[in-house]
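Structures follow.
Look for chain A in each of the two complexes below; its partner is chain B in the first and chain C in the second.
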Partner chain A sequence: MALVHFENYIWKYTQTEVPALKGINLEIEEGTFVGIIGPNGAGKTTLAYSINGLIPNQYYGVRKGHVYVMGKETEDYRPDELTKIVGIVFSDPESQFTAMTVEDEVVFGMENIGLSVDEIQERLEWVVPLTKISPLMDKPPYEVSGGQKARVALASVLAMTPQILVLDEPTSMLDPISRKQVFDVLAQLKQEQHSTIIVIEHSLENLIPLADRMVLLYEGEVALVDDTEPFFEQMDFLLKRDVFPPGAIRFFYELLKGGYYQGELPLTLDEAAARLRTLMESRRR
Partner chain B sequence: MIVSEQAPYIQVENLVYQYPDGTVALHGIDLAIHHGDFIALIGQNGSGKTTLSKCLNGLFKPTQGRVVVDSLDTRTTSITQMAKRVGYVFQNPDHQLFNSNVWDEIAYGPRNIQLPEEEVKARVEEAIRVVGLEERYLEQHPFFLTKGLRQRVAIGSILALRPKVIIVDEPTTGQDIKQSLEIMDFLANLHRERGHIIIVITHDMPIVARYAKRTVVLGMGEILADGPTREVFAQPDVLAKTFVEPPQITQLAQVCVDLGFDPGTMTVEEMIVRFRELVS
Partner chain C sequence: MNKTLLGYVPEESPIYDVHPFVRVFFLFVVSLFPMIIAAPEWNALLVVLVIILMRYSRINLATLKFYVPVAVSMGSLILFSYTVFAGNHPEFIELVRFLGIRIYYERIVEATVVYFRIVPMIFITVYFLSSSRERDIIVAMRSVRIPFAITYLVAMALRAAGMVLQDFSIVRQAEKARGFDPAGKSIAYKLRQFVMYIIPLFALALRRADEFSNALVARGYSFTGLLRNPKRADYVLTHYHFRTHDLVIIIVLAVMLVALLVLRYGFGLLTLEGSLTEALLRSILL
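Right after this comes the complex of A and B.
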């Protein structure tokens, strides 16, 4: 059974003419890392909010079809039940801050669901080093840098140990190092916890090495969904929809098309370099 | 690259800038900016990019050294005089938009330098035409426009002052690729058709590779590299000092230099051409 399952799901906000999502069918299996991409306005955030119940609980609109989380319709959950299962990190971390210090911010959610002091302590010992925020604990969350804010927001959501983690453009306002630090945390979660992680992101270079599956949303529909490598074999389809994969993948796609290369597309710089080396050496022999 | 015969439009000499709290953000910058320049200013957050920009438009006065713009020393020139020469577009357009409709927003600058209302009208109309804002937006509140449109309003309000130099701080942040290309094509057009000197502060290296003729790398308040973008990208060790990575295709070429690839490769197309040469 898929952990998240959209079935002919349509959502139209009351104030817009056209539905934001127009008949989504999508299954997300437990333990997969899913990258969701698409231009601004494609419906990515609406999709994210539909998983954790913000839609329909906090937004007005018309809904058709179904969204199941762990086999149960999101509508049939109590909101607090669903937020324990699905943790969401917003693109603007400040929008989720409420406390005066980073420590209180991370603890807030855990106190709110009534965890014991020991349990809170235990989770802090896990999440603080993971997100590398220990030097920040006494600072006001709105005074730390953009990259640090993103990690504080991530820490406070992770501390709730959600079964599904949704990140809505977690790094779009960050510089490259801060961006990499956020993805390093996600890589560790994937590797050590086998968490189910759904990331909406424009920065493909960081996303691709981690993603098991990729989804392209386009004009409110799932235009393409596949495992990451075959997803990028649909290069012409992607380019036509304003998706520009990183240079190394596009280079190998051209080699593939030109008959110079056979095999899978490399998904990281290291893979690309290794394959290019092998390819050149075999040609020279 | 063609070297300008004219004197530089902006001359920065041994510029040191210290914030009131004691932090020294710029340690002796020397930089000449010429007519015809389209510059990418890159470097990690905290490297001094925004501070340097604010010294170029006279908002910050040098602690030591000097900045001369169009033969005027920024220390002795009024903000009004500077605003006519160097415009700065904030990273977040919402930090500069505060009027209740688009027309007044763009008219604010010209009115502020006390131009007659006829001239204000002419400049607003010109700016609106150049940034391509449709009639129907003019009476709207900027807050209700998309970020791309708000950015156009922000650039329009700077253009209305007709500065020679336009500095744009991270124009593509939070934009998707198509929107980023639209904004950059628009800036390239201002550069080409209207002769503006453009300085773009950005972390987006594929954008730098595609648009900037010249790249200046800042790190820890110093200039680490300055030259044609291709030559700057060919120095990965210098970029690494300020935690900047060149585009992925450039990195691939650099890892495979021993196979015969060019460390200054900027596009997939160039990489393909070189590959064909190497295997034929």
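Right after this comes the complex of A and C.
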């Protein structure tokens, strides 16, 4: 059974004429790392908010179809039940800060879902080193750097140990090093916890190596969904829809198209370098 | 350095040994002292004591210079209102008459008393704000079992104040970058153009409220502090414990408050009559 299941799902905000999401059919399996991409206005954030119940609970609009989380409609969950299952990290970490210090911020959600002091302490001992925010605990969350804010926001949600983690453009405001730090945490979560992680992201270089599956949203519809490698084989389709995969993938795609290379597309720069080396050596022979 | 509401305090300041509740208690109780004491010299002494405490707490005394204009303008306003708008009092001693305005000796004395009541309060507040963070206020409230929803409202208000100032600064810079700079223009022009700041600020505030509301829902918050479970853990409080010296400070402050009330209303001490200030003013003005 899919952990998240969209069935003919349509959502239209009251103030807009066109639906933000138009008949979404999508399944997300437990333990998968899903990357959701698409141009601005494609409906990515609406999709994320629909998984954790912010839509329709916090927004006015027209809803059709179904969104199931663990086999149950999101509308049928009590808000606190869904909060425990689906954690969401917003694109602007500062907008989700609710407390005066980083420690209070991380603890806030755990107190809300009714954990005891001992449980909170135990989870802090796990999440603080994981997100490397130990030196920040006493500082106001809105006064630390952009990368640190993103890690604090992530820690605050992780501490609630949701079964599904949704990240809405978590690195959109970050420099490359901070982006890598956030994705390092996600990589560790994937490897050690086998968490179900859904990441909406424009930074494909970081997303692709981790993603098991990719979803392209375009004009409110699921334009393409597949495992990561075959997903990027649809290069012309992606380019036509304003998705520009990393240079290494595009380079190998051009080689593939020109008949200079046969095989799978490399998804990382390291893979690309290794395959290019092999290719060059085979040509030399 | 740790950031406080008004500045920074070194990490090794002795102020951190004092429980946040005691600091709030100090603010409220010691602020009452000048209301009980009428003799200005005692209130001046209280100012000196607060400055000594600030120094002991390793607060940068240079911050006080920002409050000198406040103290001066406040003193001028008080003196002005007590003298120019003193009214007609034939029973008072008239010192001078200018353009039909009578300046009375008693009114100047009253202005002095009021001024020396307000100045210590300003210093006490500055001391508190310079040595405490938003979190201290919240911890102080929670440690006396004030409901979480109320303390959280206070926390949000404190945070919102900082955010509005930050947004204002961003809006001002953005307006300036596009050539809108009221510097050097008349006050009337500045007031008229203030709307240029207010509209984007208002729009930002609405957006922030929306985002904040989403954040609260996403983190499982309800107004009662917990959605279903009646008991909410307060992890932050586990870092703070009342110690002997905290209790001693509370008792000493409470005893001082009672002692001042007894001295003033039981024995008629600490009044203006017979005070050094009154004698000084009499010798100068009469």
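Everything below uses one rule, namely that the second predicted complex is superposed on the first by the 285 of 285 C-alpha atoms of A that agree within 3 Å, B and C clash if a C-alpha of one lies under 4 Å from a C-alpha of the other, contacts with A are read in each partner's own complex, and residues count from 1 in each chain.
Heads up, the rule we're going with is that a contact is a pair of C-beta atoms (placed from the backbone, for glycine too) under 8 Å apart; a residue touches a chain by one contact, two chains touch by 3 or more.
A quick note: this is a predicted structure, and the numbers were derived from the prediction, not measured.
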| item | value |
| --- | --- |
| Contacts of A:272 with chain B and chain C, given as first, second, both or neither | first |
| Partner chain in contact with A:102 - chain B first, chain C second, else both or neither | neither |
| Partner chain in contact with A:243 - chain B first, chain C second, else both or neither | first |
| Chain B or chain C, by number of chain A residues touched | C |
| First (chain B), second (chain C), both or neither touched by A:88 | second |
| Which of chain B and chain C A:57 touches, first, second, both or neither | second |
| Which superposed partner A:202 touches (first chain B, second chain C, both, neither) | first |
| Contact footprint of chain A on chain C as seen in their complex | 2-3, 133-135, 138, 155-156, 158-159, 162-163, 208, 211-222, 225-229, 231-236, 238 |
| In the complex, chain A residues that touch chain C | 49, 52-54, 57-58, 78-80, 83-84, 87-88, 90, 92, 95-101, 103-104, 107-117, 120-121, 138-140, 142-143, 156-157, 160 |
| Residues of chain A that touch chain B when the two form their complex | 38-40, 91, 145-147, 169, 172-173, 175-178, 202, 205, 242-244, 246-248, 250-251, 254-255, 258, 260, 269, 272-273, 276-277, 280, 283 |
| Of chain B, residues touching chain A in the complex | 44-45, 173-179, 203, 206, 243-245, 247-252, 255-256, 259, 267-268, 271-272, 275, 278-279 |
